[in-house]
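The two complexes that follow have subunit A in common; it is paired with subunit B in the first and with subunit C in the second.
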Partner chain A sequence: MSNIAGKAYSMNLMTPITRKMILINKLIFWIAGTPYFSGALNGLRTLSLIHYARWVVVGRKQFPHVSPDQPEEDLEYNYMFFNSNFNGSWTQYVDSFSMAIPSGLNLLWKKNVGWPDAVPETPFNRYVINNQIWSSHYYCAYPMAASNDVKAGQSIKGGVEELSKGLDSISAADFRKKYDATTKKLENDISMMAPTPVVSLANLAIEKRERIEEGKK
Partner chain B sequence: MSTKRETKLDLFDIQGNIMQNFAEKGFIKARYLFLEIKNGNRGREFVTKIKPLITTSARWTNDASDPYGTTEPSATSNISFTYNALKKLGLPILSLHSFPDEFAIGMRGRRAILGDNYSSDPENWDPVWNTHDVEVHMLISIEAKNMDNLEERYNKILSLVAETNGGVILFDGSLKDEDGKEITYQDAHALDNEAGQPTAKEHFGYTDGISNPYFKGMLPGMGSVIGGGKKNPKALGIGEPKGNQGNPILASTWAPLETGEFILGHEDEAQEYPACPTPPLLGKNGSFMVYRKLHENVGMFNDMLEKTGADYPGGKEGLASKFAGRWRNGAPLATFPNEEDGKKIAAAREAAQYKQAVAKTPEEIAAANAEFEEVNKHFTGFDFQKDLHGGKCPLGAHIRRVNPRGSLEEDSASYNTPSALADRRRIIRRGLPYGTSTPNSNTGEHGIIFMAIQANIKRQFEFVTQQWMNYGSDFKLANEKDALLGNQTPDKDKDGNPIENVDGTMVIPGDDGKVPYFVSQIPRMIETRGGDYFFIPSLTTLEMLGKRIIDPT
Partner chain C sequence: MPNRSTSKNSERAYGLSIYCPIKNEHEGDVSFTSLVRTALQDFKEDEDSPMAKVPNTYLARFFIVDDVIFESFPHTNDHLQSAYLAFSTNFHGNLDEYLTGMYENMNTKIHNVWQYCYGFEKVKDAASFIAYIKKVQVETSYFFVGSNDDSLPEQLKSLYLKQEFSKFVFANQSKSDDELLAAYKEFDARTKPAVLEGPTWRAGAGSLKNVNKG
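Then we have the complex of A and B:
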């Protein structure tokens, strides 16, 4: 059970919302999605450590009932399901959400039961952790890539494809020019990719055990 | 927050190394002592006895009526404790467990987070950090203007240690001096130039220690809000002529950081009190300090400059400047991309510093200080808003990584706080170089004693080290590391087996439409030689520790 796969952290948040607030929240989602009001969420959109984020309202009767044996539930609340993947871990980056984009967070969660406020940080952090659903299985197909790496990779692919066009007819001097123009265009995309730094203390525990086994202090 | 009254701190309760930069006041000789507490009772007696020698944050003045002032001491001394020290001193378990986990684990235990592998692995650290049954409990730092004053204070402390009859021991022969002789302390000192004058340079030749955070409660002379503060969320240049808004050289662009980012028991940038041990008085006016001995491979650095600098269009000095984000004389690339302009402003700063050093009368001192501040704001008052792609100062340059000055926010209007992503990651830097080096020195004793002071080691020092120096994702640089301070992976392990995923690359974006330059095979130029995490208690807490009267109930 871990929220970490490769360079990504999975955040699943299930927060209760009263029945009458559902419509209001859906309205907020709709308004926030329209171009005119999207400014409030610009921070959330441009925060490059976030891979993506999605909010879904799950009605109290919409929860999966997978088998006739499963007892019927009578839920008090409806829920808002938030799913996001981002770089690093929640603990490392909680500050980058709380202080950087509190108005966006408050807009989307304000109507949720028990929502403290995005600032100060400690009650906000506790609210998230208490309502977070830990991932029992989380798979990442590209463990060396954060979303920035994927975006950079796409630019490089496009750039190299363009560069490799018409190579049969181009002169050496023209190719040089084209090559220089391509590297210039890609200069902010071209850094080296490697495995993630240690995020989870679980990794530390494994390393520690190995060191003890090797007889190091 | 603007309606709040001015923050007034109890400077006599806060240890002096937190708010005063002793080196800037000419205290350029330093000695660090590592002690272990063998006996709790005698350890507490020692703590009580050393308390009168502890330097506070009160400013140094000859004006007896200054309520924040005290006379300049001949030497300073400050004391801090590891988690095990507090245990040994008999702190109640409830209080012990209320300290942050990374502090309890210590630097050795956090090596995977810090990237202390290969040559920086704790098994290669100095014996004082790396011997079974040896535990550093207390760190005492001494600073003075000259060695006589330093030795005098050192001997005073030695006699206090002797009085404990083995209750407190100073580590014997666990360090080496420049000649390889075993000694009981770590010395550090400003490096002299060819004329024998002390400088602010470290062994690679960079002027160091230019920028430090500025926070609420600091008095004039303790720092500069220009560049030292955070981006002012309310009045970004309001009242200034159009076009000047957000100009980083103006004081109005900046605001002091909240005190609680650096000193416990005060409000922080998250509008709450920082995590603090219990009872709160135990932590109040205290802080956490990282002590880290960083060896510098001067020969490798110079090789790199010679070889790659011969190919790089900006030459050797240009390459050195791109690594750091400043010319080696300290002028920031963001404002002075041209070497000649950098030289001019650095010469002006040096002249102002000289005037400060020779000023005698109060009028001369005031005039010299004012002149220095005027020049120095060009060294601290800059940001990267006009250089988002790094043509002048690369995104991966050292100073841009460790303090992005608001440049991580692509469109700062989208954020509620303009430099929010950096404001919680600031650290107070202290320390001096140690040893002597020649341009070819790799092995031997030379480097920097680096200290970082902050309220939360995990959120500040560890985050900056791991995410910003040894990784690059926040800057969209994938895994690119800090060329100077990154833990570049060697191509072979110590048994000669090849290592996969060798890094050591840096992309230097071209300025004014020029092509980028790719640096590769950057070696690990800085290696960790030891250190730990320490708690710097207030003077009140020191008193309580000595008397064993801390009760969390």
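Then we have the complex of A and C:
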């Protein structure tokens, strides 16, 4: 069981929504998804620690039913699943959200059953802990890269490809000018990546890291 | 379409969410739900994860919804009739192509895990797998892309170049113009910036010692 894949953490939250609120909750997400209002969630982008995140509202009669042998669900509430892929620890993430975009959180979880408001933090943290489901397997294609590294890599690739044009004919002095301009433009993107520090003090986590570093499985 | 981001420049990323009902049965004293959990926990991690073989997977997770969560009284104590295997993946491209790649590259693992789910007995090949997944797919209400929607080979090449170019910049400070150009020509020939196949980063690699490929 692992919520961690290198620098990425997987969070799964399941929260109930009453029958009378489901249409309002769906409407909020629909509005948030329209290009005209997408700026309203810019706080998420500013946090800059999320790879991908999603909200999925499953109506009380919408859990998949695929076989006549499967018992029918008979639920009082609808349920919202929130799945996030972020960098950093659980505490850093939950605190960042609570501090940076409390009104956005209150809107996205508007009147979910038991929702305590994003501030103060203690009841908010307790709600997240109570509603979190642990992942049984979590995979990230680039465990050593944060979301910002992926975005920086895209910029660097573009810069390097441009720098590599005309190498056979350019003079050393002109290349210097081009190189200096490129590195100046990319100065916020140039940095090296490495495995994340071991965040658990468990002996098993440290032994696992040592095995990886030694190239053993 | 909410399974894709509606934000500009991120429409090529897809968020697939599926919830597969697990049969209320057991093998000896062990429930099918526990067997699914054990099969998932037996997956190796990082580059040895079966998901590392599935083309264009950015990040993916499996979790089990044993029951709904109770918010304490006076709220209603709801219960599910079945546990659900949840699979949530973020990938680049088209759903059918992605699921075909998934079935072709990890069908033994897929059958090991999903054999305990209702309706999966009809899955025999990639086409029936796609049909099954579409039956258990739930629509995403809002999909947020905080990274980018380039293909995975493009992202991995970009990360490789970020690492190598950063090393190059640090190593070539205070070089003369001629030395700098000569060093860059060597860098360009070694890293092949426009070639995605390699050299590049290996999908899922968690250590600098084995991350480079090609």
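Definition applied: the second predicted complex is superposed on the first by the 182 of 217 C-alpha atoms of A that agree within 3 Å, B and C clash if a C-alpha of one lies under 4 Å from a C-alpha of the other, contacts with A are read in each partner's own complex, and residues count from 1 in each chain.
Note that in this section contacts are C-beta pairs under 8 Å (C-beta built on N, C-alpha and C of every residue); 3 or more make two chains touch, one makes a residue touch a chain.
Please read all numbers here as calculations on a predicted model, not as lab measurements.
S.K.: According to the stated criteria, A:K20 is in contact with first (subunit B), second (subunit C), both, or neither; which is it?
M.R.: neither
S.K.: With both structures fitted on chain A, tell me whether subunit B or subunit C touches more of subunit A's residues.
M.R.: Per-residue touch count on subunit A favours C.
S.K.: In the overlaid three-chain picture, which partner chain does A:G114 touch, first (subunit B) or second (subunit C), both, or neither?
M.R.: The second partner, subunit C, only.
S.K.: After lining up the shared chain so the two structures overlap, which partner does A:P35 touch, if you call subunit B first and subunit C second: first, second, both or neither?
M.R.: It touches subunit C, and subunit B stays clear.
S.K.: Now for A:P195: first (subunit B), second (subunit C), both, or neither, which partner does it touch?
M.R.: The answer is both, since A:P195 touches subunit B and subunit C.
S.K.: For A:W134 in the superposed arrangement: first (subunit B), second (subunit C), both or neither?
M.R.: Touch partner of A:W134: subunit C, not subunit B.
S.K.: Once chain A of both complexes is superposed, is A:N85 in touch with subunit B (first), subunit C (second), both, or neither?
M.R.: Second partner only.
S.K.: Just subunit B (first), just subunit C (second), both, or neither: which does A:V150 touch?
M.R.: In the superposed model, A:V150 contacts subunit C only, not subunit B.
S.K.: Both subunit B and subunit C contact which residues of subunit A?
M.R.: Residues 45, 48-49, 149, 152, 183, 189-195, 217, which sit in both footprints.
S.K.: If we count contacts the way the header does, which residues on subunit C are in touch with subunit A in the complex?
M.R.: Those residues of subunit C that touch subunit A are 2, 6-8, 13, 15, 17-21, 23-24, 37, 40-41, 43-46, 48-49, 51-52, 57-65, 68-69, 71-72, 75-76, 78, 80-82, 84, 86, 88, 90, 118-119, 132, 135-148, 150, 152, 154-159, 161-163, 165-167, 169-170, 176-178, 180-181, 184-185, 188, 191, 193-194, 201, 203-211.
S.K.: In the complex formed with subunit C, which residues of subunit A make contact?
M.R.: Against subunit C, subunit A makes touches at 1-2, 5-6, 8, 10, 12, 14-16, 25-26, 29-30, 32-35, 38, 41, 44-45, 47-58, 62-67, 69-77, 79-81, 83, 85, 108, 113-114, 130-131, 133-145, 147, 149-154, 156-157, 159-161, 163-164, 167, 170, 172-173, 175-176, 179, 183, 189-195, 212-213, 215, 217.
S.K.: For subunit B, which residues count as touching subunit A in their complex?
M.R.: The touching residues are 108-109, 112-113, 115, 122-123, 130, 132, 269-272, 389-390, 395-396, 408-411, 413-417, 420-421, 423-425, 459, 463, 466-467, 470-474, 476-480, 501, 503, 505, 507, 509-510, 513-516, 518.
S.K.: Please give the residue numbers of subunit A that touch subunit B in the complex, ascending.
M.R.: Per the touch definition, subunit A meets subunit B at residues 7, 39, 42-43, 45-46, 48-49, 87-88, 92, 95-96, 98-103, 119-122, 146, 148-149, 152, 180, 183-184, 187-195, 197-198, 203-204, 207-208, 216-217.
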